[in-house]
Amino acid sequence: MVTLQTTQLRTGGLPVKEKRSAKQRAGTLGLILPGSIGLFVGFVLPLIVMIRMSFNQHGTGGQLVETLTFENYGRALSDPFYWQVIGNTLWLGLLCGGLAVILAYPIALFLTRTTSKWKGVLIALAIAPLLTSAVARTYGWIAILGDQGIINGFLMDTGLLSGPIRLNNDMPGVIIALVEILMPYAILAMISGFGRLNNSLEEAAGTLGASRFKVFMRVTLPLTLPGVFTGFLLVFVLSISSFVTPRLMGGGRVFILATEVYNEATQTLNWPLASALSVILLILFGLLVAGYQQLTKRFED
Amino acid sequence: MHLSVQNLNKTYPRTEVPAVSDINLDVQQGDLVALLGPSGCGKTTTLRMIAGLLEPSAGSIRVKGKEVTSTPVHKRGMGMVFQSYALFPHMSVLDNVSFGLEMRGGGRRGNRKAAKAALDMVQLGHLAERRPAALSGGQQQRIALARALAIEPTLLLLDEPLSNLDAKLREAMRHEIRSIQQRSGTTTLLVTHDQDEALDMADKIAIMENGIIQQYDAPQEIYEHPTNKFVANFVGKANFIPSTSVRQVGEGRYSIEAGAFGDLTVPGVVGIKGDRAELVLRPHRVRLMADGEVAADRPRARGQIIASSYTGNVVSYEMQSSDNDRVIRIDQLSHPADRLPVGAEITVSFDPEDAYLVAEG
Amino acid sequence: MHLSVQNLNKTYPRTEVPAVSDINLDVQQGDLVALLGPSGCGKTTTLRMIAGLLEPSAGSIRVKGKEVTSTPVHKRGMGMVFQSYALFPHMSVLDNVSFGLEMRGGGRRGNRKAAKAALDMVQLGHLAERRPAALSGGQQQRIALARALAIEPTLLLLDEPLSNLDAKLREAMRHEIRSIQQRSGTTTLLVTHDQDEALDMADKIAIMENGIIQQYDAPQEIYEHPTNKFVANFVGKANFIPSTSVRQVGEGRYSIEAGAFGDLTVPGVVGIKGDRAELVLRPHRVRLMADGEVAADRPRARGQIIASSYTGNVVSYEMQSSDNDRVIRIDQLSHPADRLPVGAEITVSFDPEDAYLVAEG
Amino acid sequence: SSGGGDADGQTTITVLGYTAIFEDNFTQAVIEGFEAQHPEYNVEYVPSQNSAEMLGKLRSEASNPTVDVAILDQSVANTGIQEGVFAQLDEAAVPNLANVVDMGLNAEGYGPAMTFDNLVLLVNPEEAPEEISSIQDLWDAPDNSVAIPAAPDIQGIALTALTANNLGADYQEDIQPAIDELALLQPKVTSWDPQPDVYQTVTSGSAQYAVGWNARGQVFSDQSDGRLQVVQPDDGIAFQVNTINMVEGTENAEGAQAFIDYTLSKESQESFSSAMFYAPTVKNAELPEEVQARVADPQDPNIVEIDWIWMADQRDAWTDLWRRTVIGG
Amino acid sequence: MRKALSGTVITVIYLFLLAPIIAVFLISFNSSSALKIDLGSPSLQWYQEMLSNSAFIEGAKVSFITAAVVSVVVLVLGVPVALAIARREFPGKNALSAFFLSPLLVPSVVIGLGLLLVFQPLALTGTYLGIIIAHFGITVPYVIRTTLMSLKTNDVSCEEAARVHGAGPFTTFFRITLPIISPGLIAGAVMAFIISFDEAVISLFVAGSGRTTLPVEMFRYLQYRSDPAIAALSVILILISVLLVVVIERVVGLRKVMNS
């Protein structure tokens, strides 16, 4: 009797249920579709066109020849110069990531811990640079690091130096500026990655007899490492795709994928090669990010 | 005296009122003392000063007669269990427990053995390799205890160790902690705002309010002989019967006029001044009198039941007394046969020796 | 029948076991029914299906005889109070309360008047212009109640409405909600995992476990006559005395052999099969016998107190019976004069009519 | 846009050319004159950052051009010609073609040269320790004192050709010696990609020496109160050629050619050269003496001819050599 | 001692972090055009110079219009997506949310080149439409993220309460959901505005010879000149950013917005 009733209800209930979910599905599609089309046009399509372009040919005299060839990849990958460019790009990323993390760590730790009423202001101050145009900040660094800049000016005015030392127009300047420009990202990533750190853990270690140094090595550092990893990854990723700063501060000596892509695309008009280099950058990027995340995941177990 | 705290004071930076004022506390070797009080009364502040996590503004702390006030936290050798347990999430249970031993040096094998022993004491030896995140609240709680006990601390400090557990587990853990504490003989300070917990577990209880210790006594003393209205109200339920014509008739004995209950002689706090006071009467000491029952000398009052609440084992009634607007609460062990309806006329009485006079609130 | 739930089932997508199986529940007009059970037993799931927030996998829900199973949530006309209150943070208290009325159309002035009236009913008329964030937990709770009542709901649904409040406030709110509910005569379904709350507030209680209703009865029935061991254990404290040689001697009456207590005739659940069962004995029904006292016919047992716990008004003892390893828990209203030490030899007894036999767990 | 008629009967000619000071001077010295002479036309100037960008734009509009005339570098223009972006001119419609010097003419009748510019040395006389007069002198400059716009910038390309010439080699035969020579410059160079441009870099003293274009060099020299001095190198003159082209498919060929003709007129060439110090591309232009002294002469025997059309194919290869050997990536 | 040491370290790092901003600020009052601090007689000439530079004014206009339109468009198209992800069950949900966050993981030059290749044949370079489409892709992840976060932190019970008390799905969205998540939306819109306003690389590719944004104008300006007019402009931009930061901090709290 009871089972019979249940079956009836089930079959009787189905149409209602289906009607409801069909309507719901249409509604969901309506929510998703406009945004997806926008993102397709503004993001996916360009990537597709670019990938297609990378198989075209840059003809003699610079014309564009529509074809299907691996020539551009061949050229890019068989040429030691481009290997050098890829190497430079990675080196820039590693160095900037490492330095940014080292400098950001004390700030992030300080901001996580401080109970000062100025905390809000200090956080704002640490990440306000993010909201300032990278072009403007690069200009600031040119002013600081240039031959006529603040540092050289100071050193020469005080007689510590007879001629300027070259800080700008080369890799060191690019690295200094990029570290500063990208550091706020590391600070942010760390602050949000320091979630597992809490005062009572460090206090607990203290009551168990750990000195300040031991507390740091055994508790603070291991617990903040995930934040450090994300901070590093973020800066790494942003610096290997940076363009404005290397371009304005590199003095023509800093060859990285981004500047090469820009040169090929706008100066030499070799779109197929620019596209191939972009695809290489993209793949490099994807592999590194995926590998890195795999690695850190294993570390964090 | 194992722990002796003298005139301890703490005023936090940028605050006006002290969080803790002139705390004095002597704890005997092997005792469990509870600091009980409402939220914000300064319990944690006191405990943290004793642990060395917070610097006192004034006062001194001695352990076994040795002044430790300026000893840094990691050299005090105290064990502490935090409300949030504060287990190291990146270490295994065993590593957590052996952390303190490691900090004291000693061989790795010896440490691990001692840590195992501590884990066995809390009956969680089988979880040694787990990460804390993979444990239930009660298990984490016991690990935290094992970690604190592993270093054989001079003093065990517990800050609301049970407040994150659900009701059933909380009750079970009370006994467990108490028995581990007794077995190891570790002098212990327990911070709590739960009166049942304090009454059930402690050898002595310090009742705190606004940074001050209001009473420091054995649980039964606190409950039966509260020194003031705050203590009486905070610990257990109480009827307060305004009393007039208060007159001292002996050391801690008073003759009073207790409203509907008439003239009585009752015990009370020593040295109540003035002719008004309040009589503390616990609801379970109020007796419902059988119809026609006569109890010579017993104060009595008539009234009507205006509310009753049933929680299985206890029935609580609220009686509106017929001659004035006082409401008396009566707690009875429930029995289906005895349950009285709202509106019923009843007579209640109590033994004056079960009541206790305190100064007006 | 005001609300009638039949064979209600719910299996969540991508799960195997049903969250709720074959729930049947009839609620009388004006009653307050509590759904009581441990965490995860399906209380919220049931409530949300009745509200229309969740689609049942099978079964039907009728209100006043009208099938509402496929009526969308906003057309069911039910009032609901959420555990988190779910007050609209961007609206004033008055706008919160009049929201439901607005949704039903009606003049703005009339709605505001009705909302005011609902607010007055919960005695918070003076807070009409505040934002919810500026209210205390208890006040928010009452606003949520007013909002739900303002629409004069066909059914009031409360999902753990008190669980976010502190102990003292929780107890006060129980009576308040109950009295408002009774004044307005609104048929109400209350979800809770707090047995005291259910026992104190409800006309009837449905005890749930693993998606199934185990017993649906008046509070006193549930407590005094649990249908099985789960109910007896979940509601109130209980001693379970393993009983052998069980033999039915009448409708719901059994003759048993209850270990140390010997042969007894006790009431019990109708239809216990087999010759083993468990006797439920509430700790507060166990009597400590005075030395030399003789109570004819009363089952008795001797033993030694192995633990005692003191919470002011109640003292609990655990007695290890001398002839077997059973532990009996005894609850007594405390009196300093009567307190027995651990180790004391005692004799306990009980009235067999106060015990209740259930099938083995 | 093409063939568009205005309300007052004017036809609009759309001209694509360089931005910034080129635009300013060209408008004043050429467009205004043309409009005065041809009231039936109205010129709209579309500025662009560089030749490559112009070609990109023209490519994209190939089926529906909005531009009638484009002024851009000869080698880039040649790519455009090969892609069919530009149209051949009707000699009859551009009578002034007859006056264009030989090296400025396109053999197949596409757009001719409109300006000549040449590579010069830029010096900051206040900061520079020594005077220089030839490209070769750069090799004697102090360390970190020279700014050179490296290839793919055509200044770098031109410098390569001049270096080859100085070594007595034919740049079309073997460029390696010139590249090796340039590599020796490395320590002297402070920037291979000066930001801001070489003129600012020298004026500000960030570099004491640089190579740059004569036209801009002269203009900025006037603006710099003598902090920038232009030196015509005495060991070779390399021309850069801007051509003026009619866009294929324009609906306004008549107007476009009228405009091109005007830019090749004696008066236009003289006025633009006086304003910006480009060397005129027509034989009949006569410049005031003080201007003449500051522009190169297309007839100068010292000229190292660079075949920019040949170069268009070589630019990538040379750029690679620069990066690998000269700059040392 | 320890405190003093760590205080010094923190201060020095902060100084490094703020160095270019401080330098830019000081240089903007230079008395000469040199690229160094030269405050012989501080002047406002570079502010005048900047205001009379038509490229900057035009660029600012373009940036402002673009950023404003982008932040509105990205809200209108992005919020429904976030809503679907947070509140609906459908297959491929995780993939969709990854898809909408993926532009964050693609280097700007790559996106810029792709857009250039698409836009050039369509004559979209240097047009408002082109720049807006380009900026949509890079701002939408931020809006999705902030909106998702507000939707997740505000549990559904308010919406359910509204439904139970008689509100239909539309009424619930407009009367309850939208007002409650509005701080997140404002934060998302402000983020989108700032990113669009600041974006240099992608704009550089799609600017062509037509309309272009302020950062591109600044970049181009820096290729030919380096006088303190650019510093003056930067100071103005920094002040606007600070103002926005204060606004965000007031409305929702900065950290919530920036955290991922």
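When the chains are written out, they are named A, B, C, D and E in that same order, and each has its own residue count from 1.
Everything below uses one rule, namely that contacts are C-beta pairs under 8 Å (C-beta built on N, C-alpha and C of every residue); 3 or more make two chains touch, one makes a residue touch a chain.
Everything numeric here is computed off the predicted structure, so don't read it as measured data.
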item	value
Smallest count of steps, each to a touching chain, taking chain B to chain D	2
Chain pair showing more contacts of the two, C-E and A-E	A-E
Chain centre separation in whole Å, for chain E relative to chain D (CA means)	39
Cα-centroid distance, chain A relative to chain B, in whole angstrom	55
Multi-partner residues of chain E (at least 2 other chains)	34-35, 222-223, 226
Sites on chain A at which at least two other chains make contact	142, 146, 148, 248, 266
Residue ranges of chain D touching chain E (in the complex, touch as defined)	16, 19-20, 46-49, 53-54, 56-57, 59-61, 66, 195-197, 200, 204, 206
Interface residues, chain C side, partner chain E - complex	13, 51-53, 73-80, 82-84, 86-90, 99-100, 103-104, 147-148, 151, 157
Partner chain C, residues of chain B touching it in the complex	174-175, 195-196, 199-200, 219-220, 223-224, 235-237, 282-285, 307, 309-314, 331, 333-336, 339, 354
In the complex, chain D residues that touch chain A	50, 52-53, 55-56, 59, 76, 78-79, 82-83, 144, 149-150, 152-153, 190-195, 204-206, 312-313, 315-316, 319-320, 323-324, 327, 329
Interface residues, chain E side, partner chain D - complex	34-35, 120-123, 125, 208-209, 220, 222-226
